[in-house]
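Some structures to go through are shown next.
In what comes next, subunit A is part of two complexes: it sits with subunit B in the first one and with subunit C in the second one.
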Partner chain A sequence: MKTTVQKINNLTIGFQSQKGEQISILKNISTSINQGETVGIVGESGSGKSTLALAMMGYVKHGLFTISGECMFHSNNLLEMKNKELENIRGRKIAMIPQNAGQSLTPNLKIGYQIDEALRLHTDLKQTERDEKISELLNKVRLPSPETMAQRYPHELSGGQQQRVAVAMALAGSPELLLLDEPTTGLDVTTQAHVLELLNFIAKDTGTSMVYVSHDLGAIAQVSDRVIVMYSGEIVLDGPVRSILKNPIHPYTFGLLKSIPKLSLPGLPNSMSGSQPQPGSIKKGCSFFERCEFADDNCKLNSPSLEFIEELNTSVRCFKHNELLNLNKIDSQNIKSIENKILKNEILDLSDVSISYAKQKFLDQLLNKINDTNPTVKDINININKGETLALVGESGSGKSTILKSIAGLLKTKDGNIKFGKDKTLSNDLRQRDPSFLRAIQLIFQNPDESLNPNHTVEEIVSQPLRLYFGLKGQELKDKIIEVLDKVRLGEFYLTRYPRQLSGGEKQRVAVARAFAAKPDIILCDEVTSALDVSVQAAVLNLLQELKEDFGTTYIFVSHDLAVVRAISDRVAVLYQGRLCEIGPSNNVYKFPSHPYTEVLLGAVLEPDPDIKPKLVAEDIVEEKPPENGCSFQGRCPRILGDICKNEVPPWQTGENGNSIRCHIKIEDLKNQQISN
Partner chain B sequence: MNKKKEKQKNTFEKIYEVIKTMASKPSGLIGLTILIFHVILAITSPLYVPYDYKAIDPTLMLTPPSSEFWFGTDSLGRDVFTRTILGGRTALTVTFFGSLIALLWGGSLGIFCGLVGGKIDDVVMRVIDAFLSIPWILAMLLIVSLLGTTTLVLIPALGFFYGKGIVRVARAATHDVIAKDFIVSARARGHSNMSIIWNEILPNVRDAIMVEGAMRWSWMLLGFSSLSFLGFGVSPPTPDWGLMISNARGLMSFAYWAVLAPIFGLSSLIIGINLTADAFAKALGIDRSTKAPV
Partner chain C sequence: MFFLVIKRILLGLITLFIVSLITFAGVEVLPGDACTTYLERQAFGEALEACYQRLGLNVPAYERYISWAWGVLQWDFGYSLSGEMKINEVLGPKVKNSLVLASASILIGIPIALLLGIVTALWRDRLPDIIISTVTIFSMTIPEFISATLLILIVAIWLEWLPGIVIVPTGATISELLPNIILPVIAISMIMTAHMARMVRSSVIQVMASDYVQMAILKGVPYWKMVFRHVLPNALLPAINVVALTIAWLLGGVVVTEVVFNYPGLGRLVIESISNRDLPVVQALAIILASIYVGINLIADLTTLMLNPRLKSLQIKK
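Up next is the complex of A and B:
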């Protein structure tokens, strides 16, 4: 029998509304964490998952309070303990790794010193023992050369390394329970895969129980033994990872899994309607009722309770789980395939484009000369056809957003031309661009909270391009705004709303509406779905696809999420350190990745399936600058040939599948090597 | 047309909302009441003053408060009550318009600096810092003694000196929004700089600037009264609190009323403006304690 480390009984946490009502953020949570078990808590923003994780440390956020229930760590109720007593538990017995490790490290203290401090605080080791322990810890989290690493400052490390240091610090007190709050969110794909693999290893090695909180089912699938799915402050599903992800018997999880784009399947995923209810808005009935495709009248009136299903070893909160059980057996794969009418005429042509971020010398600035032999982005040649969706992918520092900014005119190019249509060269200077070109190229940004003016109503936001480009006024303007909003499925009553009154998905719809109001030929999408919840992401992707089918718009789509890219793009260009590595039809690139970097990148993607493990081929070191000579990927390439890769820029070659790659190894040989691996 | 009307209604509604929130807390309510009382007094007092403010009567020198002269009389036998309720008029008018000027130039320069950034911003801010380090009262005295003490000199001069703080607030607020994607988005669409300032930046910095302006108003009132106190504000026999305090302070030990009344008038107005400005900031969701710039 396994020992239970933590047991949560009927925990309800909430706040007092201005009207004096008690509103629950967490409702009747009961679960337990066993020794050596890794439990994944998954949910979208507002599901209460972070509140639960904090409660597991005995911490309740300011403004919230425990309404009822307890959180037992062994035999102590953490929520009733005094701060003094909690200090003996936090860090020593329960440790937490926050989302942004880089920010939680003190910037002006050396890594070694910070770990030493954690050791002093949480253990009773002597100085010499601690020094040894620091090396041991740094070794354990697989940081290279622990001695030199201890002498570094946080900013000298990459994001992945900082996260490892945070893990090392958390392990300092040899905790029994390790809480991780979105520990890999914001890290690059390859880094993320490495960190997760490390966490898995540590869990096995030390026997520490872990609670892994994330919105990312892919990450959860890789680390967890058991998964808890939260929705609107309740546990809706709790069971072994395979049962949850392969046989989801709750409609929310069922829908959620279907709405995640998958690397192995082309085409757009199904979308889920609506968004999570506001806390306190559901008075009776199932909290998922509004969005549930299986709902009936019973669900509206009665709240389902968490029911244990013996055969699956799973608890579920739904009246109709039996129906889903049968449904899961028929593999329902109704993913919409996309079919874009791509005309064979070029709408945008990037030739030999280089972009430099280097600070210019004063004299050069005066002469309008850019001197930089090793620019951030170099030798980009891409033709984009009308009606096509071209995706630019790569990790941070790949220059994908930089290229987008240059197309929009926000960043000057150093060399090369960007041509609109066949022959119209776009001016480097935004102010000198012809207004018709400005109208023709619109941008949609990553985070609608930043891209919508918080002091403008939806009406004002959408009216901007209409007034600027078409000079619309009065009733005509208003009619047009309503028409555009209708296109993105927002009704007339949104006109007077402010962005803060909208949900994340609605905000992004407004941003999409603003872009389409200009009747653009090209829309540049910069990570447009990465700030959204998974269930909302699919809806936005579907909307973008429908709009482009209606208007024949061309998209240039930048994303770090390779599965999203696969779902929406016709062609994909893979970038590393500002240089193109591979370009070709998405289907081919994803099925037969040829370039060593593409192989590494796709291998590291986390699928929401515990049986598909990421392949970790290359080291996850981060390079500051592109190499001066030779192949851009030489620093990390697992197939590097030697001097030729270091000295000569590899030539372009096109394979039989239509992907072009830039590598010194022949495409066929790369293929054979991949197979023999 | 239609749209314009609707927008106006919105603005009015907004103002109403803000005032309602301000008045919902006791401190805000008190501040607003005091301020409104002073403003009404300043506008209407000439209609009901009991005596002529400049009527000198040697026989009534320094009469203590009585039912006839509520606040007593001063050293020239003028009624202190009359002079007190009239004494805020010039101060309020001068500082109100002074604050408007401060808001205008401070706000525009601050937004401009925040927008252009780089070298120009650096230079301008250096100059402003240099100005901040000169004691303003010295510079004021110089200006006033060169150009005279008419309102037409005082208003712009005060407005200039008290605008410096606003420049910093406006610049900091502009810096905060300038990096946001909605500005980038407007630039990429090709809006002119003017339109970006007007439509995108101003709505986001307006609140901070207005709150700062309200705060500056109370400072300016104090400054203006100090000038009068030193004899460089309004000229006698115009009733003015600063001047009254200055004239009567020597006689404080035996004719306290002649000093106390204007002091009460001045401090209550300053407290009123301060409380109002604080409530204003809170109603707009600006936390002055974390954003105090100078």
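Up next is the complex of A and C:
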């Protein structure tokens, strides 16, 4: 038996409600972390996973307090320590790698200083030794040219680089335990895969114990030996990674795994109904009762306790775990495949569209000209048929949202035409667009917190398009609002609610309702599910699909998540640096042959299965600008041929599956090379 | 960076040019002119002609603007109406007096404001914060003419510690001025300090809640080190512009306070020259006050730019 690094006993953390009640957001947590072990803590937002991770450092956020229990680090209870003593443990014995490295690095201090600070606090090294150590650490996290890197300020680095700096800073004190709070959330898929690979390497190399907190089962599957699943402040499942992900014996984990779209299983995933209960709202019974498909009366009245199942080496908090044990085959889930009625007539036609963000000279501004030889988005040619769902995928900076904004009229195009229907050209200038076009094209944004006016009620939010485009008033308006809300499965009592009183999923439903209220022909969806929890994501995807089937709406769906795209789209366009790389029916884009960039993206996808490892075929370099000449992907392409890629724009080739690829490599050769890998 | 400084200075000069045009035009379109105002009922015939002659009002407006502007550039604002004195001779000592009052308030008020702001933020919702915040809100909401009058009543009349109104001549030396400015400085600082302390408090609280401060704590950085290294540099940057505006406001003459205490500074001059319709002086004051605002804001912008690595490198990239 290995030594235990940290042991948590009956930990309950909560806050005082305005009525004076104590409300716990962590309930009676007991677990332990062994030396050299990587434990994944998974749960949706509000499950208490971050609070637990912070408690493991003896840190309790402002407004929260420890109600009972202890966090034992070796033989000391961190929660009773004085700040002075904690300062000697934090960063030295236990280090944290934060969720958002960009915001967790102090903006006015250089990278080198921030790492040096950790070294000065936690080691006895002299200045010159520390300088060497900084270079060594930056090297270890694979940052290029450590000396110049140390002189930079945090904002001068890319997201992936900032995350690596945070890792280097955490390693500075050679801690026994590393806590990682969503360390790859917000990074591009390829960067995420690289950072995870680095963390795995460090875990092996240094023998550090790690606690990896994430909502992403894909990432958890890649790094953890053991997984703890949290729901509503409780541990509901705790066991070895394979047992948890392949044989989940808790209904929540079961539902969660079913709601994740997977590359290997096209079609819409099953959604879990409902949402996590508010802290303090469950007085008796199982906290998952409301959403559980296996629950009976016993579950309503009595709360299950954490029970250890010997043969699986797993603890579970469920009365029905035996039922799940027998039933359980995740792969045999009923996936609903999508069938869209796609009409032959074109609804939107982008021809040779280029968009530039370059700041224009005064004279050009006066003449209303855009002068840029190397625009952010270039040569986009796409036809979209009525009733189709076209997905635009790519990493951040690929220009996918930029294209959406231009279609919506929020951003002027530099060259090219956007036609609505067969012959109606959409004006570049939003103010000159015909109101009927404005109605016909609606947008749903990524983050409903920001796209819904916090001072408007749901009624006011949904009434706006109805009044603006249809001039509805009075009772007629009200009836229509109720009808629209009913479509997105929100009851009448939501009318008077404000966005802050809604959950993330409900907010996004209101945003969907607002878009559909305009009776649009085309809806532009900009990363509409990426701010949502997975179970909610599945529900929103299903809702969007149903509405589409009812109204025959056309979707242009922007996402960075290839599995989500696979689930919902008929056709996929892959973008890199504002240039199209590949376009074709989604079934075929995900098969070989693919454009080398699509191959890189597909390789980096993390499946919630510890036995499917990502393939890292290209470096995760960040390019600031598209190259002036040649292929847009030349800088990172693992299959680069040579000068031809640097000088000539590659031609379009269409393969036998109907997907078109823009590459200098012959499509047959590409297929042979990729299959033999 | 260099170009940016040049660009900012040019923009400042253009602003001043426009201000000078507007003030000049404003005075121009007002019914009557300097001479009719000054001579009142005698404004006709030879007296008026002589006055026009003396003030140079008988040439076209644009010529007068050019000669006036040329004069201003050489610190020459022409003659005031009320006396035969040159305006710059009137202005000089008043500017100095206002400067003395402003510097004293700045030297005392700003450090206190920063200290109170930081203390209230770090001890947020605890006793020091509750006491200081209550006091600052009070001193913020009481109008200065009331607090000034109360100060005179208590300190000067009841306690008889300090003079209640300033009765030194305009040209008094600084050492003569000092005992007289104590009360005005207190009255001004009360409002100024309270405003600034609130600003600093919310800025520090915001930074204390940031991810990078939480990270610094989790890194094991000792509390005070964290405050000085990670919190204050980031929290005080946005305060620079507020400080600048306050300084400009102070230098522009704290009109009410100067009038209540009978202080011979710019603020009182503004009131006096407006009520006397002494247009050349008003014109001169407008351009001086505008220069102070433009100048101080320019300095504040450039300082922020220097201190904020994010802005600095953004500018270099362009």
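The working rule: the second predicted complex is superposed on the first by the 671 of 677 C-alpha atoms of A that agree within 3 Å, B and C clash if a C-alpha of one lies under 4 Å from a C-alpha of the other, contacts with A are read in each partner's own complex, and residues count from 1 in each chain.
Just so it is clear, a contact is a pair of C-beta atoms (placed from the backbone, for glycine too) under 8 Å apart; a residue touches a chain by one contact, two chains touch by 3 or more.
These figures come from a predicted structure and were not determined experimentally.
Novice: Considering only touches as defined above, state whether A:Thr148 meets subunit B (first), subunit C (second), both or neither.
Specialist: neither
Novice: Report for A:Gln475: first if it touches subunit B alone, second if subunit C alone, otherwise both or neither.
Specialist: The first partner, subunit B, only.
Novice: Return first, second, both or neither, reflecting whether A:Asn108 touches subunit B, subunit C, both chains, or no partner chain.
Specialist: The answer is second: A:Asn108 touches subunit C but not subunit B.
Novice: After superposition on the shared chain, which partner residues are touched by A:Asn88: those of subunit B (first), subunit C (second), both, or neither?
Specialist: second
Novice: What is the contact status of A:Gln501 with respect to subunit B (first) and subunit C (second): first, second, both, or neither?
Specialist: So A:Gln501 meets neither subunit B nor subunit C here.
Novice: A:Ser281 in the overlay: touching subunit B, subunit C, both, or neither? Say first, second, both or neither.
Specialist: neither
Novice: Per the contact definition in the header, classify A:Asn313: touching subunit B only (first), subunit C only (second), both, or neither.
Specialist: neither
Novice: Any idea which subunit B residues touch subunit A in the complex?
Specialist: Against subunit A, the touching part of subunit B is residues 1-3, 180-182, 184-191, 195, 199-200, 203-204.
Novice: Considering the complex alone, what residue numbers of subunit A touch subunit C?
Specialist: 54, 57, 59, 62, 83, 86-92, 95-96, 98-100, 103-109, 117-118, 121-122, 153, 155-156, 166, 169, 173
Novice: Enumerate the contact residues on subunit C facing subunit A in the complex.
Specialist: Residues of subunit C touching subunit A: 209-223, 229-230, 233-234, 237, 307-310, 313.
Novice: What residues of subunit A sit close enough to touch subunit B in their complex?
Specialist: That would be residues 408-410, 430, 433, 435, 438-439, 441-443, 445-447, 450-456, 460, 464-465, 468, 474-475, 477-478, 514, 518 of subunit A.
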